[in-house]
Every structure is written in structure tokens, then in C-alpha cells.
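Read through the structures below before going on.
Shared between the two complexes below is subunit A, which pairs with subunit B and subunit C, respectively.
Let's look at the complex of A and B:
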């Protein structure tokens, strides 16, 4: 008998939605409206000179648009953590930011190697960061929990050997507490 | 407490001579872990750290850092000092350890940041 579980590449999925926002988040993802502004940036593998520029650019644009400073901070922190994860843990990828009148939707797609167990990756303190990444000050295993804390909705899909897609939504109306 | 008082207490050296040291510092946080710093900084904060790479400067693009103290004699490269200059971010070096620096500032009345 063949062990199918070991052969099949298991696709993992993770959702977290801030309580009270389930309806609006579901509404958004079931029929995503066209964005007013789209920003794209490349995230090269292990390039810590470039890493973080995309997030800073998005933050500056939202600042010019008059977004609340506390919301700005949350967007910047969530985007930066996700951007660093692509640079630090993957073979590189893309960051696409879709700015709407009431929210920002940011999508990170990378070229693998994927996350075998997303639930485990979400545990504060879990990290597979290598020595070079740790030397830069990363590897606390707090990036994904930090994204979850700051985003109004977080969605991750991945599989061992595949690519990882992480997307989050943050509303401009401050929904935190 | 002002940044210039902090320079005095830590017997610090200012790496950007043009930086404004008459800045009020409401609170401080000390860590060598970037995610830790991002998680704990929600108000204007003085950062004490042993990290001297460019990502520690880039942090100031994301969160409100009023200045960085590099502890235990660590010194960033010129290009990193330049990044800070562009951002008008004061950089200060001290020979004191992270523990001693934090202790002296705390005793002088600088509170820790709210987490």
C-alpha cells in the first residue's frame, strides 16, 4: 500500500479576520472591486539593501493620502514583516499593493520553497531563519504573529515545495480595539 | 528628557553632527531583534541596540524612532550613517553595555515604552 499523504503535496491555508469584520472581509474577497491605485515592487532573494523599500513607498503614499497615523504604522509594520519574510525565507517574489478608498489590500507572492506547516509558522518564536538572516536581527519568529496582530484580515496559502501567497487587508477606519 | 541629556548620561558620541539633539524623548526600548522592536514601538521611542545594519535604519521608515543608541562601542558603516542623515535620524554611539545604558537612562527618569 502506498502512503498517499506522503506523496501528495498538501496545500495549507490560514485565515484570520478581526472579529466584527467577517462580513466586510468576505464581501471584499468574494468580489474584489477595482483598486484606485496599484503599486508593485520586486523583492529579490536575500537582498537586504532593497528589502523594506516597497513597504516604505506604500507607507509614504498612504501618508500623502491622509491616512490616520496609527493605521499607517500598522500597514507599514505588516507590509515590512511580509516583505522581509519573502527576502529572508524564499527565492524572491513580488509585492502588489491595491489601494481602495477605504482600505489597502497587499499581496505577496514568492517563488517557494513554501511553508510546510502554516499553523506551526504562526506560533510566536518559531523560526527557520539561517545565520545570515539572524545576524541582521531577524529570526525572533515574531513576524507572522506581528502581521496577524496589525492586519484586519490575513490570508496565507502555501505548500511544501510550492510558492507562498500572503495577503492582508487593513481598513483606513481604525478598527484596532 | 532631551536627546542631549541622553548623550551626556551615556558619555555618547553623536555620529551626525547636524542632528537636532533638542528633541524630547518620551520613552525607550532596547532590543537586538527587529520584529521585537516593531511589535513594541507604538509611540515616539528611543532605540538602544547592538544592530548596526541598514535594516535598523529602515525601521525608522516604518515606526516612530526618535534616535538610535548603538551600545558597547558598535559603530555603523558610513553608508548607514548616510541613510540616517537623509532621514534626519540622530545616531549616538556609547561604549556602555545595553544593560548599563538602559539602567542609567531608567534611573534618570526615562520610562520604558508602552507595550
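Let's look at the complex of A and C:
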């Protein structure tokens, strides 16, 4: 993906920021302002009936705010994929959405077991999903790449055996091009 | 009707004398358009999509789906009825298709035509449109007026995906009006073309069509309203069954599932969805591009499709089974579609680009909207969270929103009021 800059991956941490947004993303993370609206949602392990509810809620909320439909779709896809990831690969976790006047910041924290090699996990088609997950139609290995494609900034921290934190930013001003 | 008119016509009317303010309707409205204020239900015309959920659920017959009066027929020199396919599923099995159709003449129509006549043509037209619009996936059916309005209101990003051609009954209207004018030497306004419809949304669509370029129908009659009269004529006709053309193959239009099967072919994959809750869930997934593998989605707000409309007298599953039987057993009359094909080729059935009706948003300005949402969340923490609707708003969230928008007060919450009065008692005691 050549229009992405600042791709940096090392064991344990992954950053991807859409080019041109480095300054504002850095500014945001160095001193995160207090969110105007916060939405919390639980993601139980392997519960594919509940997974997806959090992202649906966020989408409905952004609709009420009048967010651009294309931006809305990107948020919905990124949030949904991340939610499914937590349900499919972890022992369950939380999804917290922080809505600011110009962007949405969504954070997923799980209870482990962590990602051994994040760079490998980012490769389209790579998946560690077990048979049960695959039987349910998930585990195609497109979750993380899809999140990266739709988010303006993606940050993952993880270690094998520990928990994973995935967070992304999407600006409301439509800046995909 | 003036297209710029912002006041929306609706076929649903609340009979205040019957309304007890029970809130049953408030809870089933998919667009949260109903509130009970001063113990009477009120419908917000900007939000209502005419789905008819409230009509079906009201235990007091306080929500009356309006349709036109047959007296209208006397205003015209030549009158035509165009019958919705679901009409034929409303009778017991001893009533033949032909008899049910013939009985309609007794209501005073000079001509009786059927939606079913153009179903085959529609299927071909839909396929052609799908192939000509490869850049849009999936194409969404636009026949159900409730679905069109739901998309305008809640899924505006999907408006370009709607099948931008007239529905079968409107196509027939266009074609017949010109044909009758030429054949009988009548002026446009001397011909009255009326629909016999299964739901309130179709009445609304006749009086306030979305995207129509030309004058379409002159009125709509509810199947339920004419049913009694038709039944009497059927009794008389039973002994002398008429010879009349019928189009059983076209009756598939009343069944959303069968319609999708017909459109489905080698290069077109179709999905069928019915019931307003299912429709909303699917539209939400289409919005996120999770259903791009489908070329066409048939969407109907009512159970099983138009057989589930609130004007029908028969249960939607029984009606569906009867219609399927008719399709299997009947013989199809010949339909000459050459004129229709020509009109389609000339773009005569095109619909103007449909426009959003963004009334679900908290504010036009996103910053103000966020401030309002913050206020809503603050109010929400003080509300009991029972979603009991006793305040007249559908949920605690909706009440909080109504308060922020200046349409309700915190005192409207009955549960809080009771808690406060108990606290007062304890203090006094």
C-alpha cells in the first residue's frame, strides 16, 4: 500500500498512519484530549452473535451525528473486523469508542493470548483461526488488513502470551483520497 | 403534487376517540416516528415511512390506514382498476382466479388490469438494468414504497443503488393512459386510473410519489375496503364462471422470495429479504459493503412480501400458499410487451434521482450534534433505563433525545416521578 507512510513494525508494536496525517495523529496520541462521547461494549470470547453489536452501535451513533456516509462505512468496517478479531482469537475483551468533534478513536483491549508476530498477522490471507471459527465463515485472514485499509491511523501493541491492544483513528473529514 | 412541498402526505390517520395512549404503536415503529403526548398518539410525518406496523399492533383500531373512496370513479369518463397481485391470495380456494378478477367490474370499473401482466417484462427490465449498472452493487429493489422511504431516511448512502425505474403498476398506468387516450379519443383527465393495493404505503405512493416525472394514478383503494363488496359479487358469479384472461405466472410479484428466484440467473445473483426489521439489518450490511457479492436484493417491508400488507384480509402465509397454487395450476394469458419495451427503450419509465430525507440526525452541524449527544447521555444516566414507553417516547434514549430537542420534559418519566414522590413521602413521614 504505497500511499501509506510511517509503516513501522517490530515485535510487540505496530503503527500505520495514512500519509499526510502523521502530525495530527502524533499530536493526538501525545496528549489525547477528553472525548465528548464515550461508548463501551463487551466482546465475549467466541460469541459471534454478540460480536458486531458494538460496531453497529457506533455506526448508529455516528449516523445521528450526521457523519459522512463514506467515513461512516470505514468506521463500521474497521470496528466490525476488530470486534470479530477479539471474539475469534482472544479470551474476550472490551471495545471502547471515544468520539471527538473531528474524529473517532476506537480501542480494543483483550485478555490474551497475544499476537506472536504482528507483521505476519498484517499479511492478507494469514490467519491463525481455528476450525470452529472457520466453520462460522470467519478466519479468512483479511481482518487486520481491512482495518488498516479503512483507518487513518492504526496502532497495535501485543506480545505472545500477553494481551493485545488495537486502536484506530478515523477523521470525520473525508480524506480517503 | 408539488415535488418541493415539504409536508409529507401519509395514509395513516389516528382516530383520537379510539386512542387510549397505550404506546403499543410507539414501540413497534421502525423509525421512532410516534409519540404519545397528552394521552394521544401522534405521528411525525417527516419520519413515518408508512410501514403499517402501528396499524397491525393497535388493539383499539385507533390507527386507520386511509384509502380513497370509490365515489372518485364518477369523476371520470373511463375508469381502470389495476389490481395488485396479492389480491388473488385473499379468497378461499373455491373462488377461482377468474371469478375474483371478474368481481372487480361490479365495483364500477370499465376496465380491470393486473399488476401480474407485466411481471415477466419487469424481470427482464430488472436484469437489463442490473447489467447496465455494473458499477453499482447490489442493486436494490424499489417496488416497496416503505423500503424506498426507509432508505431516504436511514440509509441515504444507498440511494444510488435503488432500481431507478417505475414499479409495475406505475408502468402499466403510463402505458394504459396513453393507449386509452389514443383509442378512445379521451383527454388525459377524463381517464381515471386506480390501484387496488395491499398496504398503506402504496396509497401514500399514489398521492406523493417519489421521483415520478409524470402524472400517474388518480387514487388507490384498499383490498380490505373493497373486500366485502367483492365477496358478494363473487357469490353471484360462482354459478356462471366468466371466461377472462388471467396471468398466474405474474402473481409471483406478491412473493418477495419467488421474485428473487426469477431474477436470479447465470450472471445475476439475487437475495430476497422481507419484514421491516430484516430489511433494516440487511441495508445496514449493504452499507458496509458486506453484501457486494449480490447483484440484486429484493426488499419488502411486509412478511413474505406484498401478501403481508396491512390491507390484506388473509394471513400472509396462507395467501402465499394459495398464490403458489395458482401459479402452478393456472394458464397464462398472452401479453404483448412490445409497446412496453419501446417505452423502456425511450427511458419513459425512468425515475428522477431519489433524494435523502435526513431527519434522523440530531443537528445539521456535527459539533452541535455532539453537544446534543453529550446532553442526551447525561440525561440518560438519570433515567431508569426500563424502556417502558410510559412517558410516550419509545425508549429512555428517545425520551432523553426528545428532552434535548425540546419536545419533552424529564417530568414525563413516570418511573422517576413515582420514585420522587416516594422519597417525598419518606421525608415527610
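Note that the second predicted complex is superposed on the first by the 166 of 177 C-alpha atoms of A that agree within 3 Å, B and C clash if a C-alpha of one lies under 4 Å from a C-alpha of the other, contacts with A are read in each partner's own complex, and residues count from 1 in each chain.
Everything that follows uses one rule, which is that contacts are C-beta pairs under 8 Å (C-beta built on N, C-alpha and C of every residue); 3 or more make two chains touch, one makes a residue touch a chain.
Not measured: the values here are computed from a predicted model.
**Q** After the alignment on subunit A, I want to confirm one thing: do subunit B and subunit C clash, or do they fit together?
**A** Subunit B and subunit C clash in the superposed model.
**Q** Figure out whether A:65 sits in contact with subunit B (first) or subunit C (second), or with both, or with neither.
**A** A:65 contacts subunit C only, not subunit B.
**Q** Is A:56 in contact with subunit B, with subunit C, with both, or with neither (first, second, both, neither)?
**A** A:56 contacts both subunit B and subunit C.
**Q** Scan A:73 for contacts with subunit B and subunit C and give back first, second, both or neither.
**A** The answer is both, since A:73 touches subunit B and subunit C.
**Q** Please work out whether A:81 is in contact with subunit B alone, subunit C alone, both, or neither, and reply first, second, both or neither.
**A** first
**Q** Mind telling me which of the two, subunit B or subunit C, contacts the most residues of subunit A?
**A** B
**Q** Between subunit B and subunit C, whom does A:143 touch in the aligned arrangement: first, second, both, or neither?
**A** A:143 contacts subunit B only, not subunit C.
**Q** Considering only touches as defined above, state whether A:172 meets subunit B (first), subunit C (second), both or neither.
**A** So A:172 only meets subunit C here.
**Q** Which one hits subunit B, of these parts of subunit C: 242-250, 278-286 or 368-376?
**A** Among 242-250, 278-286 or 368-376, only one stretch of subunit C overlaps subunit B, namely 278-286.
**Q** Under the contact rule defined above, give the subunit A residues that sit at the interface with subunit B and also at the interface with subunit C.
**A** The overlap between the subunit B and subunit C interfaces on subunit A comprises residues 56, 59, 70, 73, 76-77, 80.
**Q** Which bits of subunit A are touching subunit C when the two form their complex?
**A** Listed in rising order, the residues are 36-37, 56, 59, 61, 63-67, 69-70, 72-73, 76-77, 80, 99, 101, 172.
**Q** Can you tell me which positions in subunit A touch subunit B when the two form their complex?
**A** Touch list, subunit A to subunit B: 48-49, 51-53, 55-56, 59, 70, 73, 76-77, 80-81, 84, 136-143, 146, 149.
**Q** Which residues of subunit B touch subunit A in their complex?
**A** 32-36, 38-39, 42, 49, 51, 53-56, 58, 61-64
**Q** Across the complex, what residues on subunit C touch subunit A?
**A** So the residues of subunit C in touch with subunit A come to 154, 156-157, 284, 287-289, 358, 360-367, 369-371, 373-374, 377.
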